[in-house]
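Quick heads-up: structures coming right below.
Each of the next two complexes has chain A plus one more chain, namely chain B in the first and chain C in the second.
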Partner chain A sequence: MQLVLEKRAERSRTIALISPLIAIGLTLVTMSVLFAVLGKNPITALGVYFIAPLTDSYSLQEIAVKATPLVMIAIGLSLCYLANAWNIGAEGQFLIGAVAGSWIAVKTQGTEAGHWVLPAMLVAGAVAGALYALIPALCRVKFGASEILTSLMLVYVADLILDYLVRGPWRDPAGFNFPTTAEFDPVATVPVLIEGGRLHLGSIIALVVVACAFVLLDRTIKGFEIRVVGVAPRAARFGGFNSNQLVLLTFAVSGALAGLAGIIEVAGPIGHLQPGISPGYGFTAIIVAFLGRLNPVGILIAGLFLALTFIGGEQAQITMKIPLDVTKVFQGILLFYVLACDSLILYRFKLVFASRQVQSGAG
Partner chain B sequence: MVLVEAIILSVLAASTPLLLAATGELVTERAGVLNLGVEGMMIVGAACGFGAAWLSGSIIVGALCGIIAGMLLSLIFAFMTLGLAVNQVATGLALTILGIGLSGLIGARFVGERITTAPHLYIPGLSDIPLVGRILFGEDAFVYLSLALIVAVWWFLYRTRAGLVLRACGDNHVSAHALGYPVLRIRMLAVLFGGGCAGLAGAYLPLAYTPFFIPGMTAGRGWIALALVVFASWRPGRLVIGAYLFGAVTILQLHAQGAGVGIPSQFMSALPYLATVIVLVLLSRARTGGSTAPAALGTVFVPDR
Partner chain C sequence: MLDPGPAAPRTTQPLLQTVGLTKRYGDFLANDKIDIEIFPREIHALLGENGAGKSTLVKTIYGLVQPSAGELRWQGAPVKLSGPSEARSLGIGMVFQHFSLFDNLTVAENVALGLDGKEPFKAMSARLAKVAQDYGLPLDPNREVWQLSVGERQRIEIVRALMQNPKFLILDEPTAVLTPQEADQLFVVLERLKAEGRAILYISHKLDEVKRLCDTATILRGGKKISTCNPKLETAASLARMMVGTEIKEVKPPAERRTTVPRLVVNDLTVAPAELHGVRLQNVSFELKGGEILGIAGVAGNGQDELFAALSGERLVKEPGTIIIDGLACGNLSITQRRKMGAAFVPEERLGHGTAPRMRLSENALLTGHAASDMVRHGFINAAATLRTVDRTTETFDVRKAKRDPEAASLSGGNLQKFVVGREILRTPAVLVVNQPTWGVDAGAAAIIRQALIDLASAGAAVLVTSQDLDELIEIADRIAVMFHGHLSEALPRAEATREKLGLLMGGASLDQKEAAHAAGA
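On to the complex of A and B.
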């Protein structure tokens, strides 16, 4: 008996719509088994993970706060992946954006600087992220070096740069030697939407980004070029599309979005620069991009779902003593199922028995 | 002189996990499969290897468990990319994310424990020769194993019929299939070999390099191993040179940090990663005349019937 793939005549639209749901279903079943192995009641654990955070206003806001960077980064990554450019260093671009924006906040600290500070920080974050992403993109376009490896190596470098700055030149003198900058001034802070709440302006920016990406991909020539280069590079060449230019463009846009997400995270929910500002947003965003089928609206939903797993994971750790690593295992398994189910869009899975195989081999 | 000897010994130790993981990936890629999950397989190999060694008190059991763990993870990868024709880049990333989570879960109860690391060879007389004695005859078994393995891989790829078939699958899977070779089965074996090597490379870290396990202890070595395969132009001989060069960069920056050179330690720590980027750029540039990568690397193969 053997598993055989049979190519469908055309992409299955039905399966394209339901495959993320199948993947989530399969992941939940797998997680139940894992919880049982860990000696926890699967039903209770799944409840804590996926239902409890939806029942109080604090957690709901927190989901939106966590989803904000995930959605922004994933939108950028989806453009790259559609154009067949593999940016997997969004985590590094996120950190560099946070560093560049924080530079303005640190330099204007305690001065009379006005309301231009926050916009300047956001711009600096986006520009720095874009420039940092252009390094691997240029290495690929000019020298043919694998952007997968270079963009990933730069994540470690960004992490060390941030670490150096907050332990060295930017350390808060009144911070008892902790590796952190001083709290940013009010003019350098992303404002919250509801007084006393956690939801901040960044979530609105993320929604705007989703809308822009939708228009770009669905209504413009550039968006069309990006998709053609990814699906049919040869056709794109005949069409006169410059694939190198698109690699640079998609990398720059995704770097800018990751950098913007980084500075928003630091100037918003965190309020100062410190090591460990990201629980792996740049990598989780890869899952968000695929779970959302590289589609802006899909990514918005997927981002909220994965944010839910972060919050649920924290609550499960507090109330049920389930290790935080379970969240990462969950995310990894989810990506596997998403990819496997996506295969169903292009192929039919068939089990073939040995005797039939011989016949078809002879025929 | 003692310092030079100590540095060379530590370079050999730092290079061995890179060489082991890269050897496995080289075979995998020569068969046409790009498995980006090396980092994930290594870190799970480290967690399982340390756990098994701590529970059993045996380094060999630890190493075997590391190998098995790496192979099991690579089996998932093989099923996805070969069985279900899923994109190899995305699946490799998924494997790394899953591996990092799993290793944290498995390794959590062993954090803080210590074991006695793998013993070093000692041949009376030979190991006592000044300078070269300890370097040539005083390593732990993994160092010799990694070198034996790469020689065996060279012999297999270039001197056996099976190696030729494997390379054919990596260069043109359609032709290999037309000649009647089971492309997917050969690729699966290559992926399994790569997984075993990555698991062993990961297990080396807590079994021989440091006597304990910490989460994330592979620190990007799996990714550097992937870059090494590119560096080596997919050739075993150059892989050895590359692995030892990178080991040397790692150790020299550590010594420079220890000696208190006036450069912030973070910049020294960034050196191996920056070196990887620079080497990739220089090599890719030198190779504009034509790629030496296996022609079918990373492409999906679905046999038609």
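On to the complex of A and C.
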């Protein structure tokens, strides 16, 4: 008897839907073992991680706040990945978007500037993110440089630019030498949706982005181009689609969304520019994109789930003294299982009882 | 035809025998209880359509595939082969249809890679030259493979197999890539191998060849053995019936068509090769009128793919005037623009080039239909229109599929080809460029496709068919030109296009140098 992986005639649509759930299930089992090894009660730990945050309004809002940048970035990344363009540098595009938008906030600080400031900041953030993402895209199209490496390396460049600005030219003179800009003016701040709450306009923008991406991929010829170029490049060329143009387009869109997420984060929940504005949103969004099956609705759900792990991780650290790094371990294990379970879409397990080889007398 | 004598002496025991050999892939039976006996001094044909199970059977015999049930006997004793090297050590050699050669290495280096490496390179090289000489397969061990013709490359594979002195040699569709004259030379070699007492398993679907060359034929259909017979006592029609299972619909010969104005004109087209060792198109010129089918014959790899890329617009050329579709210069226009001008294209490779394998048929209808149809409005896809195309193609071309809109990869080769050709023909193109329209397609589907091409031309379109199958071109084309080393010959009217003339052109001779070519070929 043996276990055989057998190719399916067609992709299984059912498995495509439930494979992320299988992955989550396997992750939870693995985490339980990990908690047990750490000497914590797995049931309590998983409860703190995944149930507790869902029980109070503060945590629920906080989940939405965390999910907002994750979903926006992951939507952009999913377009890239569908088109076989591997943008790993969303973190850098996020930071550059935050910097560019903040520039307007810093320059208008204390002036009589009106309500145009916030929209201008959002536009600046998106444009800067797009331009920053176009650097690796152009390098790939013009010189054949691997966009995986170049986009990743540009993350560190963006990080250092931000660091320089908040420690140097943009530092708040009244900030006791802390590396941060002054708090943004009200006209340069993303409004909250509930008085006194944390939920802000950015979450609405993220939902609009999800809806637009859904329509783009499902209903338009451009979305079709993106999908064909990814799965069958030669057929795409035969169809008349230019893969280089699509690399540039998807990188620009994903950079713009990451940049937009960056400036919304800075002008919203944080309120000023400082180092460490992102707990790795740009990287976690890669997991969100794949967990969500590169599908806009899936990404929305996956984004909320990953946000839950951030909040749960913080609470577990506070109440159970579980290191925050366990959250990253969790996310890593999850990505591993998601990619592994994807094999089930095209293959199925089958138990074979008869011996595969011929049993012949002389053998 | 050295020795047409009596069939192999049946008194000896078979060299190789399969007993109830079965290979199962999931629910699919590729080989179903196959019994076959091959004797020394015998050329044994394995006949069958694509998907009949020929490849699986020979791969099992060569140790590449493990059978699910049944056994293999070598000189009467059961054997289990764990891999090709074991098969080779028994004395089984194989020449594949698709060569496994490194372009940038020399002939000798390529042969050395396939041997066990115990022999010093120099000695091996000398032995190679000798074996090649002995069998009349001239080869220079020091030439690099990329400089060689397809026929010469096949010689490398054959010599490589012969250097191991096999008792049993398997050849998979060896003449598919040869000109008729090269095929004749190959047959002489095979007759000689047979006379030396070796057994040959000859896979083919060309019935005339099999009748001429083989002593025995085993016919497979749908994974089962249908019959073993003496092909010389059968007619081509009776063999075909056993292969296909039903009578094949005759393609109606093209009625006298009135040609109209030139719809596709190619004017002194020269294109540099896209890749290293690629073929350069050299001053290709032809004119194709409405109502006419022009066939382009030639051995694979002589520039047919490059010509398709240039005509379709997958590769652009600088001079717009070198390609003219319906009077408009379009050498520098994209494939989408050319489709809008009424051109349609069918590439050779249906999976991955003509269609995206893992996308549904409706999406694959959109792949080429987005250019010129009602499938896209203001950038939005009209899903109903794409499905309509699938339904119409299914109906008109009898595309068999499990559900209304399956993934392209789930269709059989013949059905997918009918879809790919049908998708373009239903747009009633002004110009249709099609590469290998019936390659690897079952006889029924091939007849439907050829008929559709003829009907399209009768309706006034200009049709350009590139094919390596001379019989196909002679059947449907009004004129036939030959592609060799990137040059295109003058087109011969069908009445003058004999296999012999075309074969000479395919080998690179020009017709007025017939005698010289004969001398060189001898």
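Note that in this section the second predicted complex is superposed on the first by the 344 of 363 C-alpha atoms of A that agree within 3 Å, B and C clash if a C-alpha of one lies under 4 Å from a C-alpha of the other, contacts with A are read in each partner's own complex, and residues count from 1 in each chain.
Please note the rule applied: a contact is a pair of C-beta atoms (placed from the backbone, for glycine too) under 8 Å apart; a residue touches a chain by one contact, two chains touch by 3 or more.
Keep in mind that this is a model prediction, so the values were computed, not measured.
Engineer: Check whether A:M320 is in contact with chain B, with chain C, with both or with neither, and answer first, second, both or neither.
Structural biologist: In the superposition, A:M320 contacts neither chain B nor chain C.
Engineer: Quick one: is A:V228 in contact with chain B, with chain C, with both, or with neither? Answer first, second, both or neither.
Structural biologist: second
Engineer: Taking the superposition as given, does A:G332 touch the first partner, chain B, the second, chain C, both, or neither?
Structural biologist: Only chain B is touched by A:G332; chain C is not.
Engineer: After the superposition on A, what does A:R11 contact: first (chain B), second (chain C), both or neither?
Structural biologist: Only chain C; A:R11 stays clear of chain B.
Engineer: Of the two partner chains, chain B (first) and chain C (second), which one does A:M153 touch, if any: first, second, both, or neither?
Structural biologist: First partner only, chain B.
Engineer: When the two structures are overlaid on chain A, which partner does A:D163 contact: first (chain B), second (chain C), both, or neither?
Structural biologist: So A:D163 only meets chain B here.
Engineer: Identify which of chain B and chain C touches the larger number of residues of chain A.
Structural biologist: After superposition, B is the partner touching more of chain A.
Engineer: State whether A:R219 touches chain B only (first), chain C only (second), both chains, or neither.
Structural biologist: In the superposition, A:R219 contacts chain C only.
Engineer: So which bits of chain A does chain B touch that chain C touches too?
Structural biologist: Looking at chain A, the two contact sets intersect at 7, 360-361.
Engineer: Which residues of chain B touch chain A in their complex?
Structural biologist: Listed in rising order, the residues of chain B that touch chain A are 36, 76, 80, 83-87, 89-91, 93-95, 97-102, 104-105, 108, 215, 219-220, 223, 226-227, 230, 264, 266-267, 269-270, 273-274, 276-277, 280-285, 287-288, 291, 302, 305.
Engineer: Could you please specify the touching residues of chain A with respect to chain C in the complex?
Structural biologist: 6-7, 9-11, 219-222, 224, 227-228, 231-232, 234-240, 350, 354, 356-358, 360-363
Engineer: Hey, which residues of chain A end up touching chain B in the complex?
Structural biologist: 3-5, 7, 86, 88, 135, 139, 142-146, 148-150, 152-154, 156-157, 160-161, 163-164, 167-168, 283, 286-287, 290, 323-333, 335-336, 339-340, 342-343, 346-347, 349, 360-361
Engineer: Help me check something: in the complex, which residues belonging to chain C touch chain A?
Structural biologist: 26, 66-72, 77-80, 312-314, 334-336, 339, 345, 347, 349, 352-359, 363-364, 366-368, 370-371, 376, 379-381, 406-407, 409-410
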